[in-house]
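What follows is a group of structures, each given as structure tokens.
Here chain A shows up in two complexes: once beside chain B, once beside chain C.
Here is the complex of A and B:
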């Protein structure tokens, strides 16, 4: 008798999708080492020219900008999401819990365009923040917030918050409260309990949230494109511009290969840096 | 329980902090909602006079209507294909050991970390190399790839919580594996399958970056149509559309929360 019924039926469709995905990724690899023929969608012979071109200041700067942007976004998101996740898990009021949950999770399902658009109205020269600050007399003339890196980070933090809150809340909800009670009974104050017990024990969630925030920001496109308005150039906006304005698909492909490698390397590095902490926290 | 002034101060500063963060999360939504009722054609805040005409325009603008139906087509196909393919595969990896199991799982989960523009670019190049047109199948394929990890995870978690003794009981009573699958396993998995499908559908309907690469004028989805609109016009039509979006999504989530327990799906319930 067959001890593994349906195995072939269940695995082969997934195998087919995997083959398609691999083929698409190989297509990117293949294009990244092809020469670009200006004005044509055809590609030329094999070359490493695309990768060499990335050392030019314009492109190197875009990479540096992107990494910086991702890092800033992940840090600010963590700082804002932690208290929210903590309140979500620890509050005794179920109404407040539902409220925090729906408010912090809804943006996750809104998509990048809607969320970015709302930030355009907040940050614009005649937008919400400038009007408010002008009317309060804190500013004499509108402050430029659109088309700046700061504006892009603010919007990206907002875009990344929900996933960070979810990951932190998952980690916080799995902490055994008895550790905290033990520390309290031994005379530790609330701040000390938090810093020496809760925070270290939530480290796996912090690492997972931070690397996810980093990866999401790295692949964000609508936000840097619309809020940055071409004045904040990131890997994603550069790839789109190369692909659809100059039809230089080979160079776009090599940029996405390096971008992918870079984001994987940073995530691996974060995991590695955090693993002693996780061992300390006694979780795997 | 005695409370020192320090603890009380901590408690209140905590509350203020939470309120401030919630305000940050809610602010763009509130600003958009107010702007949507602005009568003027430029983005001015606060609005000088009020009107509903941008809602009317959002409904009557042909690209949005077309984008909505295109998006719905893509979403229904992509999330349904992903549901069948992903949950069958999750069943296989949960129950069996087979060759290339881990490799295949790794490949199919990788879209969680591969930037969507890389996926979009890859599918686009692949299509041009194999002379496949930029029609719906291409967009649907890209979406299946991107939502598959979510369906796989949702089904896998449900399988973990499934009592295998129910299947053994059916088997000992003489049911064939096919009959067990359709009368025991799948009915028990329904909540997990449904939430996986819903999650996939919402993500697919909102996917933008990869879709921008693989769609054409004829297959553009709503987010792509919205993006093109922002680049061309600066009037509050998109604010009106965003309000509709936010209200529908928040309503769906509130319903999902009260019926299914969002906390359970997202794994954030306190013990």
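Here is the complex of A and C:
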């Protein structure tokens, strides 16, 4: 007898979505091995030329830039999110807890374009930040922040912050406070307790948050497109340009495939590098 | 009444321990959480090498007291001394205490040896000395050869030994034990208790042990502080606590007790005579100061201090056996004795003779065969 009679019904929506997704992926893959016919939306016969073209410095650089951008974003997000998550989990003040939750989670509810435009207002040459710094006399002339990798990273950190805070908070809340008390009683001051107990035990959250931030950033499009303004080229902006300016669908498709493979590879690598740390932290 | 008990408890501790220099001393320590008082003016002196148990139901303030001594909580008023040094405001990591938690709290990301070495590392002990002391501590708890294991590869009893080694290796001024046996199964608990007591005596480490299990408290302690509702009710040696409980709460919380309806007959200095039906018994007079002669009192009698006689024998109470419970080494008889007690009376008869001599329904006489009887003014709540 079937012990879960509704299982089939319940998984069918997910199944439909999965079928659609797989079909789309196959289509992309199919495009990636076809020849480009300039001036036409039709594609030619089988070729591996698209993949070979990616070795050209322009495209290799875009890949490298993207990985670097993702890495920087994940690192800065981690550094900013950790204290927030720590305070969120450890504070006794419910007001502070709500404040941190609101501040760290609201970016999730803003549309990507709205959020990006607000960053343009902040980062522009006549934007909030430059005006403030000029008024304070800290700068003589506006600092270029728009259309730079730094500006893109700042905006992307904002995007990845909520998920990082949530993942770190989950990990931190699972740490038994008695570990820290035991360490304290054994003579460890606050800094030592943090470095030898809290930080290693939160490693699973750090790895999960870091990989997620990395993957999100890799696929980000609107933020690098608008804030980078074409001067910061990432895999996703490149795909957009090739697909929708040059209508070179085959090349855009092959970039997508390699981009996907690359981001999976980097995440797998991260996991592998972090696994001794995670094993050290033990499963809570 | 409560205030008086508290004062009395404080006096007992001071008087009982004047000759020994206290290793831990609490002077009127109070701790509030919001509006509720978790610990109300605790006065306590614990002698060097003494095994002091804080006994009470959950929420009685025993864990709060432990956390105050450990430095995990800050007292709202009062002072705490450890070996003559005022530590009321000293942070936990500078108090040099060892603590074993209920869940052991072994660092899961460190091996057994690293766990034990942790407190030595924070003290900057050099490598050779550290290795020697870790080995020594593991040998003490009979876990030599387990150095490289991870905590999750150990059984509950082994984890507890590691926790004990980790706490003892730093040669703490005080060892704090927070219900360390409650996660162990019954057989293991017994053997760990014996072992812990041996180690404690061998090392002569001053120990504060928190538990809600009165059996544990009676069997392990040099002295027991019975606590309830944030107050210390009585501080005394285990046999004193059992034989001469200071108030209703202590009498009913520690050991089993039957509450019999009695009357105060007369007072002779420190002793008083109470009557239960035709039976007369001598009790301490101190707890009956507020009762007038002829007034009703509640007489507390332990189940093993009652014995069965024939119905109508002089100096006995009439009763009817309602239930027999065979316990192996003894037989518990539940006896209905209307007039003498509100509830059933529990009688503990050694051996197995009572199984045949006192069948259910038997009409028997009850006699009280001990001087260790106490009486308190009547009341419902302890």
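As a working rule, the second predicted complex is superposed on the first by the 271 of 284 C-alpha atoms of A that agree within 3 Å, B and C clash if a C-alpha of one lies under 4 Å from a C-alpha of the other, contacts with A are read in each partner's own complex, and residues count from 1 in each chain.
One rule holds in what follows: a residue touches a chain if its C-beta (ideal position, glycine included) is under 8 Å from a C-beta of that chain, and two chains touch if they have at least 3 such contacts.
Source: prediction; values computed, not measured.
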item	value
Greater residue coverage of chain A in the superposed arrangement, chain B or chain C	B
Which of chain B and chain C A:14 touches, first, second, both or neither	first
Chain B versus chain C as contact partner of A:224, first or second or both or neither	neither
First, second, both or neither for A:204, with chain B first and chain C second	neither
First, second, both or neither for A:28, with chain B first and chain C second	first
Which of chain B and chain C A:122 touches, first, second, both or neither	first
Which superposed partner A:189 touches (first chain B, second chain C, both, neither)	both
Overlapping contact positions on chain A, where the chain C interface meets the chain B interface	189
Touching residues (chain side chain C, partner chain A) in the complex	70-72, 91-99, 101, 103, 105, 107-109, 118-119, 122-123, 150, 152, 166-167, 170, 176
Chain A residues touching chain C - in the complex, by the definition given at the top	176, 178-179, 181-189, 192-193, 196-197, 200-201, 280-282, 284
Partner chain A, residues of chain B touching it in the complex	6-7, 10, 14, 17-18, 21-22, 24-29, 31-32, 35, 42-46, 84-86, 88-89, 91-92, 95-96, 98, 104, 107-108, 110-111, 113-119, 121-123, 125-126, 128-129, 141, 144-145, 148, 177-178, 181, 202-203, 205-209, 212-213, 223, 226-227, 230-231, 238-239, 241-242, 245-246, 249-250, 252-254, 257, 262-263, 266-271
Sites on chain A touched by chain B in the complex	2, 4-7, 9-11, 13-15, 17-18, 20-25, 27-28, 30-31, 41, 80, 83-85, 87-90, 97-98, 100-107, 109-115, 117-122, 124, 126-128, 131, 158, 161, 166, 169-170, 173-174, 177, 189-191, 215, 218-222, 226, 236, 239-240, 243, 249, 252-253, 256, 259-260, 263-264, 267
